[in-house]
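Below is one structure, written out as C-alpha cells, with a few remarks after it.
Chain nomenclature is as follows: A, B and C, assigned in order of appearance, with residue numbering initiated at 1 for each chain independently.
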C-alpha cells in the first residue's frame, strides 16, 4: 500500500481547495490536493455561465475560466495533486497526526499521514426526498446540478418541457440554459413570497424568456407513470396551502433547485462537530474545527453566494494552517453569537489582537437595516445596510479596537434590526 | 420613467431611467458607471453576453464532451438565437486552449466566440 | 437480461414460471436442482421490479399468523431456511430480532395472543417482555411503552438482492430467464400436452407445466390460462426511508400491536444501515399506481414517532410505495383444478418474502403430484461466489481488489461507497437500467439520491452495453432518462 507523508492535505480541489493548497505550499510546507473527479476545479467546470471573478480578478469570467486560473497555478506549484481519488476515512492519532485513507484506480489505496487537514469538499444538492414531494416516481426528475452536468459537460438534453422547482440561482441559471438548448421551460415554482436568487438572474434567465415565476407556491405532487407528465402546484396564503386553488402544469421534466447542503459526512466520521444552523463544521477564529489540526473552508463550511468569497476564505484558512503548522496558537478567543435576525455567523470565535473577517446571513428581508455588534451586551458597532436578505451573505470585520476589555468568557453578539 | 435591474454584475442595482424630450437618458441608482451604460442600452438596443457549449469533433472520452464558450462582447438580444445556432454547429478539434477564438468577429458585430476551458 | 425479440419459439421447457419476484425466483432455483428445462418469464425489464422491490425486507418472527393457515406454516419453514441460503448465495441478511411494542395496557392482551401463537408455532426464544425488559432490548423506544414481545429469530434482508442472488444461482444451474416478456396469450395442446406461452412482442415458448407466480397480475395470468377466476386487490403501502446517520435507528425491528387489517407501521433498521418507516395500508384501484401522498406520509412519521420518538422529518432521504397483491386471508398455492398442468401461486402478501424459500419447496412438491418427474442433478451447484463490496472492505482488502481490477478504486457512488467495478458487474449481470443498478449495488440509494453519480452510471451502462443515450431508462419501457443529444 502506498504510504505518503505531508504537512497538510486539502480534500476537494474546487475553488476553495485550490486556494488553500496554494497558500499552504507557498509558505514552504508540503501539501497534497485530493479530488474524486478527474479534473481540478470542482463544480465550477460545469458552471459555463458568467458572473464569477468580479472581486477575485476584477473581471467577469465563466466558471471554468475562474477555476483554470487557479488550476494553472496549482499545476505549476509543488502541490501534489491526486485526481480520481476519493478519501475514505480520516482518523486522528497522537503519534502520527492524521491518518487518511484514499481510494484511487491509479494508485490503489493510499495511506496518507499528515499533520493537518483542510476540509474543502463543497456541498451537495437537496433532492426530492429531502423536500418530500409526494406523487409517483417517474423518470425525468433531476436536481438542477445534475441536469447542468448532463447538458454542459456530457452534452445530453434531459427533457423537452421543463418545470423548475425553486428560484435559487442554480434553478434560474438552468431555466436559461435549458431554454438556450431548445427546451421549453414552463415555469419556476417558488415556495417563498420572494425569489431566492439574484435579481439579475430573474431578469436575464426568466424575464428574457417570458418564463412565469409562481411565488408563494409549493409543489404538491409530481405525477406521471414512466416519465414525468406534470406537476401539481398549490398556492400558499399566509403560509398555508390552499388546496382548492391547486393547478397542474404539464411537463416531462422537473428540475429541483431547493437548496444546498454542505457535504460533511467525512467531517462527521472524523469527529468534527457541526453547527446546526449551517450544517457545516463549527470553527474557531483560525477556521479550525473541533478536531485539532483539521480546518474547513468554502462551501463545506457554509454555502457561499460568490465563489470569490469562497476562494478568499480559503486563502485565509491556508494562512491559518501555516501558522498552526509553525506552532502558533490563538491567544484570547471570544465566542460569537448569532443574535436576532441573524441566521448564522462564521467563524464561531474571534481572536483579539488582530482583524477577524466574519461571514454571516440574515434571517429576514429588510430595507434600511442596521447590523449591530455587542460585546457582553454593550453595543460597540452599528452599521447601516440598505438592504439585507437571506440569500445575500454579509461580511463584517471585527478588530482589536472592538474587542477591548474582552475576556475568554465574553460573547460577541451580532444582530440585525 | 422606467425601473430596471442592472445585470452587468451580481450586485443588481435597481435603476430608475428617465428619458427627456431630447431623447437623452438620465439614470439613477447605479453604483458604478457601467450601470448607466447598461440602462441606456437596455432601453435602446438590449444586449446579452452569451455563454454556451459546443461539440468536440471527437465527442471526447476525457473530462468533458463539450467545450464551454462565451461571447467576448454582448450580443443584441434579437440575434442571440442565431449566435447560439452557429455555436452549436461548431465542431472543435482537440487540443483547444482556454481563450482561443473559435469564431472571429461573428457577423461583423465585434463578437468573438472564445473557448473558456482548455481541453487536451 | 437478454431481450431478443425475434419470432419463432424460444424453446421447449419442462416448466415455465410466470413472474420473477421472490416467489418465482425461489421456485426457479429449487427446480434448478433437478434435471429439468426451466424458463422464467417476467414482464418488466428486470427481475424483482414488482412487489419484491418495495416491501419491508423482513424475515418475520412466526407469531403473527395461526398455523391453520398455509401462509403461517410456510412462513415458519421459510424463516428457518434463510441462514443456509445466505451462506450459499451471499445476500445481505441478518437476524437482528423483532419486537412488538405495546403503548397501552389494553394492547398487552393482543401481545399475549401473539406470544401464545408464537409458542404454539414453535418459535424459538420468543418471550413476553415487561416494560423494563423491552426498554433494555431497545433503548430508543418511547418511554410510554408498557411492554411487549421479543422474537430473537426475526431478521432483516435486502429483498431485491435476495431475488437477484436466487436468479443468478438458478441461471448458473441452467434456468433460462426472459425479461420484457409480457404474457399475452396461452394455448394448450392436448396432444403433445404442452402449453404455448405467447408474449406481447410475439416471442413464444413451450412448456409442459406452468406456474403462475405473477404477483399483482396473477388474476389476469390465470385468465390467460383459462384457469380459476379470482380478483387480486392491490393494497398500497407507503414508506419513508431515513438517512443511515439518523439518531432514530433501532437495533431491532419494531412492530406496533397489529390491527385486524395489517401488521401496522414499523420502524425497521434495514440490513444496509438505513431506517424504513412504514408501511401504510390503503386499498389501491390501479395496480400500477405507486404514487405516495402527503397525508399518508405524514401518518407514517406520526406512527413511527409513537414508538421511536427521535424520528425526525429532517432525516428523510426518500419515500416510496409498494403494492400488496391481496386475495384472501391465506396464500392460494394449489394445482389448478380448471386448467391442466398449472400451479397457482397467488395472493402472496406478507409473510410472502419470509415464506418464499418454503414456497419454492412446496411448489416443487405440487408439480410432482401433478406428474412432473424430479431427478436430482448430481452437479447442482447451490453456491455463488461472494462478491466483494468496497464499502465493506478494509483499506488493505480494498488495495488488493484494486490490484486485481483498478475499477474497484474508482468510487462512483460516494454516499454508499460503490465502486465502478461493482457497477460494471451489475450491468454485465443484466441490470441495465438505473433502478436495476441501484437495487443491485445500492448506488443512488444514499443521501444525494443519485445527484452526483447518476450521470456516471448512465455512461457506464452505455459503455458496457452499447446502448444509445435514448435507450437508457430508469426501469425499462418508457421511463427514458435522456431526451436528446446536443
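Criterion: contacts are C-beta pairs under 8 Å (C-beta built on N, C-alpha and C of every residue); 3 or more make two chains touch, one makes a residue touch a chain.
Being a predicted model, the structure only gives us computed values, none of them experimental.
By count of C-beta pairs in contact, A-C exceeds the other of the chain pairs A-C and A-B. With centres taken as mean CA coordinates, the chain nearest to the overall protein centre is A. In terms of their C-alpha centroids, the spacing between chain B and chain C amounts to 54 Å.
Averaged Cα coordinates give chain A a centre that lies 39 Å from the centre of chain C. For this pair, chain A with chain B, the centres built from the Cα atoms lie 26 Å apart. Residue numbers of chain A whose C-beta contacts span two or more other chains: 151, 154-155.
For chain C, the set of residues that touch two or more other chains comprises 486. For chain B, the set of residues touching two or more other chains reads 53, 55, 66. Within the complex, the chain B residues that touch chain C are 53, 55, 66, 88.
Listing the residues of chain B that touch chain A in their complex gives 4-7, 9-12, 14, 48-53, 55, 59, 62-66, 68-70, 77, 84, 98, 116-118.
Interface residues of chain C facing chain A in the complex, by the touch rule stated above, are 241, 245, 288-294, 297, 313, 316-320, 390, 395-396, 398-399, 402-403, 406-411, 414-415, 417, 419-420, 434, 447-452, 454-455, 459, 469, 473-475, 477-486. On the side of chain A, the complex with chain B involves touching residues 37-39, 45, 48-51, 54, 60-65, 68, 151-155, 180, 198-200, 202-204, 208, 305-306. Of all residues in chain A, those touching chain C in their complex are 1, 36, 84, 86, 88-89, 101, 103-109, 111, 124-125, 127-130, 132, 134-140, 142-143, 145-146, 149-151, 154-160, 181-182, 220-221, 223, 225-227, 252-253, 265, 268.
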